[in-house]
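Each structure below appears as structure tokens.
Each of the next two complexes has subunit A plus one more chain, namely subunit B in the first and subunit C in the second.
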Partner chain A sequence: MAEVELRNVGQSFRRSGGALVEAVADVSLVIRSHEFVCLIGPSGCGKTTLLQLVAGLTRASQGQISVDGAAIAGPSPERGLVFQRDSVFPWMRTIDNVSYGLKCRGVEKTKRIEIARQYLRQVGLGDVERSWPRELSGGMLKRVAVATVFANSPRVLLMDEPFAALDYVTKLQLHQLLLTLWEQHRPTVLFVTHDVDEAMLLADRIVVMKEGRVVDDRKITLARRRTVESLALPEAVAHKEVLLRHLGLGELVQDRTAPL
Partner chain B sequence: MARTSLSVARLPVDPLGIIGLLALVALWWGLSQFHFLSRLALPPPAGVAAAITQNFFSSSYLANYHLGYGGLAGNLAYTISNVVVALAVSCVVGVALGFASARVELFRAFADPIMLTAGTIPILVTAPFFLIWFGTSRSAQIALLILFDVTIVYLFAQRAAANLDPTYVAAGRTLGAGPMRIVSDVYLKGALPEVFGGIRIALAGAWGLEAFSELLGAPKGIGRVIQAMAAEMDSQMVFAAIMTLAVVAVAFDVAIGGAFDFITRWRRRARL
Partner chain C sequence: MKRTTAHRLTSFGVLVVLAALWQLASIMMPYESVPGEPMIPGWQILVTRTFLSLADYWQGGLGIPSVAQGGERTYAGAALAVLSNSWDTSLRLFTGLTLGVAVGLVAGLAVSWSKWSRRIVALPAQIIRTFPMLALIPMFQLWFGATFLGMALFVAFAVGVIFFTGTVNAVGNVSDIHVDYARTQGASRIQIYRSVILPAMFPELRSSIMLSLGTAWTAVIAAEFLGAQTGLGQIIVFAQYFGYVGRMFLVALFLLFYAAITYALFERASRRLTEWMPRELATPDRYGAP
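Then we have the complex of A and B:
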């Protein structure tokens, strides 16, 4: 499908005072085809900047990012992005939002509406296709955003803390929905979060960033779909404890934990 | 669960506005009926209404003053066409320049001083220059109106594009929208509510400005009617001309407001 490779990627900018800030520093990472990678780290560690670089919305100051060996040059529908903020266009009806990417790619109207309807049904919004976004709840808007990106058949799915603003129950429902869609379509996923539990539930691999650098890269081999029980297994707990310590929450971890 | 999709039933005109208008006419009638002011200073509403009906579609009386045989309607048509043409040109130019200035820093640095200077020019003072440059043709009035309208539309379009959440632009780009689609599907549609606000303000000011600019040698128009009738001390016809222009201005505002509300119906608040 699509292998994403980051080689010595760096991104720096100058603050208004003139100081140079390295938001991302010398990051090298390979995300294999169909892999679900969660990028975790404290606020300001550079994870969103890294995601924007992979999306092509920002050009890297150093290094190279490629998908299947081809260097990326700007945004592309092959790399779909679900944003933390609401990105559903309020001036388009739900169905027009979901079919917008297909319209941009020149898919004829009947076909794109058919595809959009199929994805709206999959995310449980088949009955609101003619609604305006203002008529939908926050959770429904996220479903529309997810359906919009999947309808465009991206080979790489980038997600920037997409469910951070949602309530607990809605967030868990959307995790299950995302996993269902991912299992069906198997895009390569890079999912930014600061939520350790979310990462443990979703990821094949968890990459930890601190101060712009990758400081840990852990493979999560727990069987899918993960449940309350499987996430309480010693292996899962050990991962969680290490991740919490990375996030500066060592006081929550007992002394028996594995060293970083 | 979807929030309710009930659309709010809307009247094109606020009933309170109609009550206010009726109160004003009643006050006018009272003042003229009880002779608080002379008929010359304040003609009665019935007399003004009669002047309108007798001179609306054709008027040999107005023709005597070289204002054509089309009556008030013919002169109104001239005034309306100037206002509409100037507004249409200003919308295209103002929106294009406003969007460009919001997105291109260099262009903004170049265009802002020009537009802001244009906005501070006292239009009434510059009006005689338009007469010199364009003569007594309608071009003089249209150019004057464009100078007024385009500055307002430019500033509203610039602010609307600058305030648009950049997430929408980023979302469009990652979905495969090219630069033209980003402009037409994201900037234009997202900025419409604010741009429409600017257009309504420009239109509201344009009626009075057009009537004034016609005083400076236009061949016809409601402003010319007012000028000619004022010279004849025919205050009833002056009021008739002012009232017809006011009714047209209000009708345009209601129609355009309704059209704008429909086009931007996506932003109406749902009843929670």
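Then we have the complex of A and C:
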């Protein structure tokens, strides 16, 4: 699979008032092949900007981003992206949405429909392949987006707070679905979230950003799949406390003197 | 009762009321534009004497001689006059409409290709859109004469301007997220235009199409006012010279009927293209907006 490397990456833009804003500043990061990395931080810290830079949707002002040593030059189906907002094309039926990327790449119709069906079945939407997106719930639409991105067999999977708008139960179901697909296909994942519990459940590594910079990078060595019990282990709790402090929620954490 | 049936019954009721009001006005105001020609002719006159008088515009053939050749005014001659003049007007209209839509759409898409070209044409497009179209008719006549081409090109110009600005606006309003989603899936620019921009812009473009249909009818009749030898616009102009209010009103009713048919046909044709939309958005409101 793919190793993603960011070297001294920076991204700045001018606000309408003319002020220069550094959304991402001097970020260097290596995400190893098959690794599941969660990028966490308060709103406006540059997480989504960084993800868009890796997706190739925006060009970095400084530094270089490469996948397996090759500098990225724009978006590619090798770096699939699941957006926070609904991105599923409302004018295409479910199956056409899932097979869209394959069609763009010239995969023959029978083959692409077969692949799309397979992924729709995997995400539990085998019976709605002819439905319009307007007929699906928010959770189902996210499943379509996940099926679509996996149908393209990405080497890198980028996810921008994909489940942020979902209800608690649907969110937990989708976490399990994502982990199942990730375990099967093992893409390298960069998952943006502001939810500490979500990051603890999913990540091999949690990278914390603040004001455009990486301020913490911690390995989560808890055994997979994580459960309510494993997430209550002292190691998990300790990670969570530090992460909450990073997010400015120190008042939720008991005062400890022993640093991690 | 189904909502659509109730809606149709209401519309029909409104039409009946309007027709009754016209009849009432004809009784209350029995003035004449010229001797023997009522200013507000009642329905009993419109469907008999007035309709029969349209036979004057039949140029002969199919075994029915023209009035100018000494033939009688007949209902068959009147019907043929309406059909042949409607055909001529429709041909000019649909040629111009097709040309205007095609050129406006292609030019709009081409301009929307880049942010810079959109910025460059934004101001000229706004200026052209606000220009009074009817003021251009004499110029088109000088350029092309009172010919089929001149009239069709005038319609094309009027429709093209609306369609061009409508397309540029509609493309500008396509959600970035869908374009980005397509890009991350490996879609080329052409593929994005075909599978994202065109379907995404269609709901917004639909109001431009409705507006274009109305404009096309106005433009073709206006173009026929000056120098056309056939067509419904030419009948109205001649009727106006001689104060034949009844003929003008009757032709206006035919135009209303044709315009309603074109709207209905477009609605039917576009239904399939908006099948994906939530029902409440897919049904245009009474002003034609999606």
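By our rule, the second predicted complex is superposed on the first by the 256 of 260 C-alpha atoms of A that agree within 3 Å, B and C clash if a C-alpha of one lies under 4 Å from a C-alpha of the other, contacts with A are read in each partner's own complex, and residues count from 1 in each chain.
The rule is short, and it goes like this: a residue touches a chain if its C-beta (ideal position, glycine included) is under 8 Å from a C-beta of that chain, and two chains touch if they have at least 3 such contacts.
Not measured: the values here are computed from a predicted model.
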Subunit B and subunit C placed together on subunit A: clash or fit? clash
Touched partner set for A:Phe13, first subunit B, second subunit C, both or neither: neither
Exercise for the section: Considering only touches as defined above, state whether A:Phe83 meets subunit B (first), subunit C (second), both or neither. Expected result: both
* Asked: After lining up the shared chain so the two structures overlap, which partner does A:Trp132 touch, if you call subunit B first and subunit C second: first, second, both or neither?
  -> both
After lining up the shared chain so the two structures overlap, which partner does A:Gly101 touch, if you call subunit B first and subunit C second: first, second, both or neither?
both
Once the shared chain is lined up, is A:Trp91 touching subunit B (first), subunit C (second), both, or neither of them? both
Of subunit B and subunit C, the partner touching more residues of subunit A is B
Where subunit B and subunit C land on the same part of subunit A: residues 55-57, 74-77, 79-81, 83, 85-87, 89-92, 100-101, 104-105, 132-134, 148, 152
Residue set of subunit A touching subunit B in the complex reads 55-57, 74-77, 79-81, 83, 85-87, 89-93, 100-101, 104-105, 127-128, 131-137, 140, 148-149, 152
Within the complex, subunit A is touched by subunit B residues 1-5, 165, 167-168, 170-178, 181, 185-186, 189-190, 192, 264-270
The answer for subunit A against subunit C in the complex is residues 55-57, 74-77, 79-81, 83, 85-92, 100-101, 104-105, 132-134, 148, 152
In the complex, subunit C touches subunit A at residues 177-178, 180-188, 191, 195-196, 199-200, 275-278
